[in-house]
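Here it is: the structure, laid out below.
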Amino acid sequence: MQRMNREDMAARVARDIPEGAYVNLGIGLPTKVANFLPQEREIFLQSENGLLGMGPAPAEDDIDWELINAGKQPVTLLAGGSFFHHGDSFSMMRGGHIDICVLGAFQVSVNGDLANWHTGAADAIPAVGGAMDLAVGAKQVFVMMDLLTKGGESKLVAQCSYPLTGLSCVSRVYTDVAIFDVGPAGAHVIEMVPGLTIDQLRDMTGVDLQLALEIA
Amino acid sequence: MQRMNREDMAARVARDIPEGAYVNLGIGLPTKVANFLPQEREIFLQSENGLLGMGPAPAEDDIDWELINAGKQPVTLLAGGSFFHHGDSFSMMRGGHIDICVLGAFQVSVNGDLANWHTGAADAIPAVGGAMDLAVGAKQVFVMMDLLTKGGESKLVAQCSYPLTGLSCVSRVYTDVAIFDVGPAGAHVIEMVPGLTIDQLRDMTGVDLQLALEIA
Amino acid sequence: MIDKISPSLRQAVADLHDGASIMISGFGDAGAPHELMDAVIEHGATDLTIISNNAGAGETGIAALIKANRVRKVICSFPRQAASHHFDARYRAGQVELELVPQGNLAARIQAAGSGLGAIYTPTGYGTLLAEGKETREIDGRNYVLEYPIHADFALIKARAGDRWGNLVYRKVARNFGPIMAMAAKTTIAQVAEVVELGALDPEAVVTPGIFVNRLVQVAPLSVAAAA
Amino acid sequence: MIDKISPSLRQAVADLHDGASIMISGFGDAGAPHELMDAVIEHGATDLTIISNNAGAGETGIAALIKANRVRKVICSFPRQAASHHFDARYRAGQVELELVPQGNLAARIQAAGSGLGAIYTPTGYGTLLAEGKETREIDGRNYVLEYPIHADFALIKARAGDRWGNLVYRKVARNFGPIMAMAAKTTIAQVAEVVELGALDPEAVVTPGIFVNRLVQVAPLSVAAAA
């Protein structure tokens, strides 16, 4: 079994983003997806701190600290982009105008619950940012994460043990070994890396898994 | 007793609008107040169809039908004025950012209830426009009206018989014969035209009236 | 390449359907998308719910839709006007339903739809006929009425200029309901006086970002002159 | 003549008072009114409630206010940052109270305050720790949390340019919370990089109309460079 690295995962997610989609890429791993969007597709990246039509990172000399993404990294604005205030920005999100949001996660449940903002540790200082708004607002929420924690526990779970970010909000989970559709009908495997079997995947996750029709 | 005409009433209201006030003038009689605002005071006129810093009517040749007031009359925009959408416009109003709104009325009650949108006639087609928003939103609502109907009935009443526009929203009533403060403490007369007595005014209105301290 | 420019008014409104709810911008003639409304008449869709500030005047626009018997219901703040005879007649005949909404509540409910809120408590209308039967609540000593969002299948709006991504700028008070309706409809169609190159609109001055616009169609900027 | 330009930062914040609630714009350093915050520290007001997206980082701005022990409570979405050590320490010591609000609810509640709504039903946070104990309601098959407006005594914001009537335009993503905070505070104070003549700002491109701004003060546009 050949696990995908982070670049492979980002490229795989990018493949599923259609031309014309309005997309918000979460902080961290999801940000990498931007690097793999096919040049021939026009895709609109939104950043919740107030820009639409986000372009790639600027050259060192062109860095403008009033032109950053939600991860506070310098970005650029494409021709046709625009700026707006936080109210309008989160109306885009909450109002269902964003087609796809890609987020990282601590855990996702087979029915699509998401936990990605709080480990639940007693001494942790909680910080939520826009996570809950992104989770609940986008038409489709994609999650990118390694399937297992460093300790070998599955992050795809029957029920989240970490505090939730949103209920039944995730539609698809991209991991380093497989891709799952999740939701009311439970988890369906739609892709696996070569060499991995559904039985092995069931062992790794410990959750009820179906093979999607396409690959069954 | 010398009744004030409409110009006198407009001039009288204008006197009470301080420099720097944000003011919305309702359709009809209140619109005349603009003609009497002292040149030396900067006063900001808002029109709820999306402009702030409204100037006087344009010359015939300069009429622009995309630059009109709420009464659909051509206006101008002063240097320093701005345009905005209906959401922001009514946020100005409802959010308490307008200092003074001047409205016409069918009836005002001594405690400040306003009736100015609907005669209650069975066959009337109801139309409310921004009346209820203006009534409830401005910090102070001034009403301009003749004290009596053509039939001789007082429009300042103990309780409105017409359908209400807003409850306890009017603070001052400018009429052709007297000016009243209205509100939780009832109606206080703060000015009368020469030759009118408080007893005559009580007879005309049939409501409980106090003389304001200033003129008592 | 994404190009939201429709080649014709006809194509711009081709997917309208009977029973559709349609938001129409405009305050009086300012901002009213007359050419799009003409295209709706030509299209033939009927049983429409119209959401707009007015219920039409004269012989064009919403009035023409009502005259052609295409309108089942009007949600507006000010139906009665000097020349609203087509609405008046159909309304009195019981052929058009009216939901009268205070203008600011109309704006706020459209905004609630566009921004995904489930409901809002607004002070406007409390204690009046227009709040009869509605849920109310006292919050911090003030009384509010519970009002629900107004969504629509389509928004027809008028802007000054737009680009192929759907970014829009408006002209003076013709802006009025355009930006908020664009956010509240499933499909937003804008008629613009000018189509500009991508990047020609100042990103600081774009009023409606393209995300809220599905289609644009260019029409000659005649309607203002005609109205005058 | 109305002139909202303050001659100095000191005078711009002179009427702050102990116990005040203060909205502060900014997302990271972009849009953060550092010079106004320095003036607040110099002013000496204490027991403050700060409403902002973050709880400060490094040694300046909100972090400096917290370090100087002027802050009783922070209402924000994202207090934890790489250099939020001053907040972290005071919070762990129980010396600063935290109300954590999802970023979009923070924006929506500020907007509700600015536009006079009594409360809103928002889908964000439903079923999570941050909605615990809050009223909820199912509307059209979706679940919402009832959230109340966030008002403030003061808003300190940063804009690119302004005029003596208080009209403001912003620069790129430094816009963020500025326009909505300006609408929600009793007194809004803006620091601007440039003061322009009345009429110099395009009326179609004014982002914050002067009605929402009480005072402006010009500061040299150094903070962006300094942050880099």
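All chains are identified by letter, namely A, B, C and D, in their written order; residue positions are counted from 1 within each chain.
The rule is short, and it goes like this: a contact is a pair of C-beta atoms (placed from the backbone, for glycine too) under 8 Å apart; a residue touches a chain by one contact, two chains touch by 3 or more.
Keep in mind it's a predicted model, so treat the numbers as computed, not measured.
Asks: Expressed in steps between touching chains, what is the minimal separation of chain C and chain D?
Replies: The fewest steps needed to get from chain C to chain D is 1.
Asks: Please give the intersection of the contact partners of chain B with those of chain C.
Replies: D
Asks: Which whole number of Å gives the spacing of the CA centres of chain A and chain C?
Replies: Between these chains, centre-to-centre, one finds 35 Å.
Asks: Starting from the mean Cα coordinates of chain A and chain B, work out the distance between those two points in Å.
Replies: About 55 Å, centre to centre.
Asks: Suppose each chain is reduced to the average of its Cα coordinates; what separation in Å results between chain A and chain D?
Replies: Roughly 29 Å, centre to centre.
Asks: Which residue numbers or ranges of chain B touch two or more of the other chains?
Replies: Answer for chain B, listing residues that touch two or more other chains: 77, 83-84, 87, 90, 93-94, 137.
Asks: Residues of chain D that touch two or more other chains: which are they?
Replies: Each of 108, 111, 115-117, 122-123, 170-172, 204, 207 in chain D touches at least two other chains.
Asks: Can you give me every chain pair that touches, using the contact definition above?
Replies: Taking the chains two at a time, the touching pairs are A-C, A-D, B-C, B-D, C-D.
Asks: Touching chain C in the complex: which residues of chain A?
Replies: 19-20, 22, 42, 44, 46, 52-53, 77, 79-84, 87-88, 90-98, 137
Asks: Report the residues of chain D in contact with chain C in the complex, numbered from low to high.
Replies: The contact residues of chain D facing chain C are 108, 112, 115-123, 137, 139-140, 142, 144, 148, 169-172, 202, 204-205, 207.
Asks: Going by the contact rule set out above, which residues of chain D touch chain B in the complex?
Replies: 1-2, 111, 113-117, 163-165, 167, 183, 198-199, 201, 203-204, 206, 209-212
Asks: Across the complex, what residues on chain B touch chain C?
Replies: 47-51, 63-68, 70, 72, 77, 83-87, 89-90, 93-94, 118, 123, 125-133, 136-137, 163-167
Asks: Quick one: in the complex, what on chain D touches chain A?
Replies: 27-31, 53, 77-81, 84, 87-88, 91-92, 98, 100-105, 107-108, 110-111, 122-130, 143, 170-180, 207, 224, 227-228
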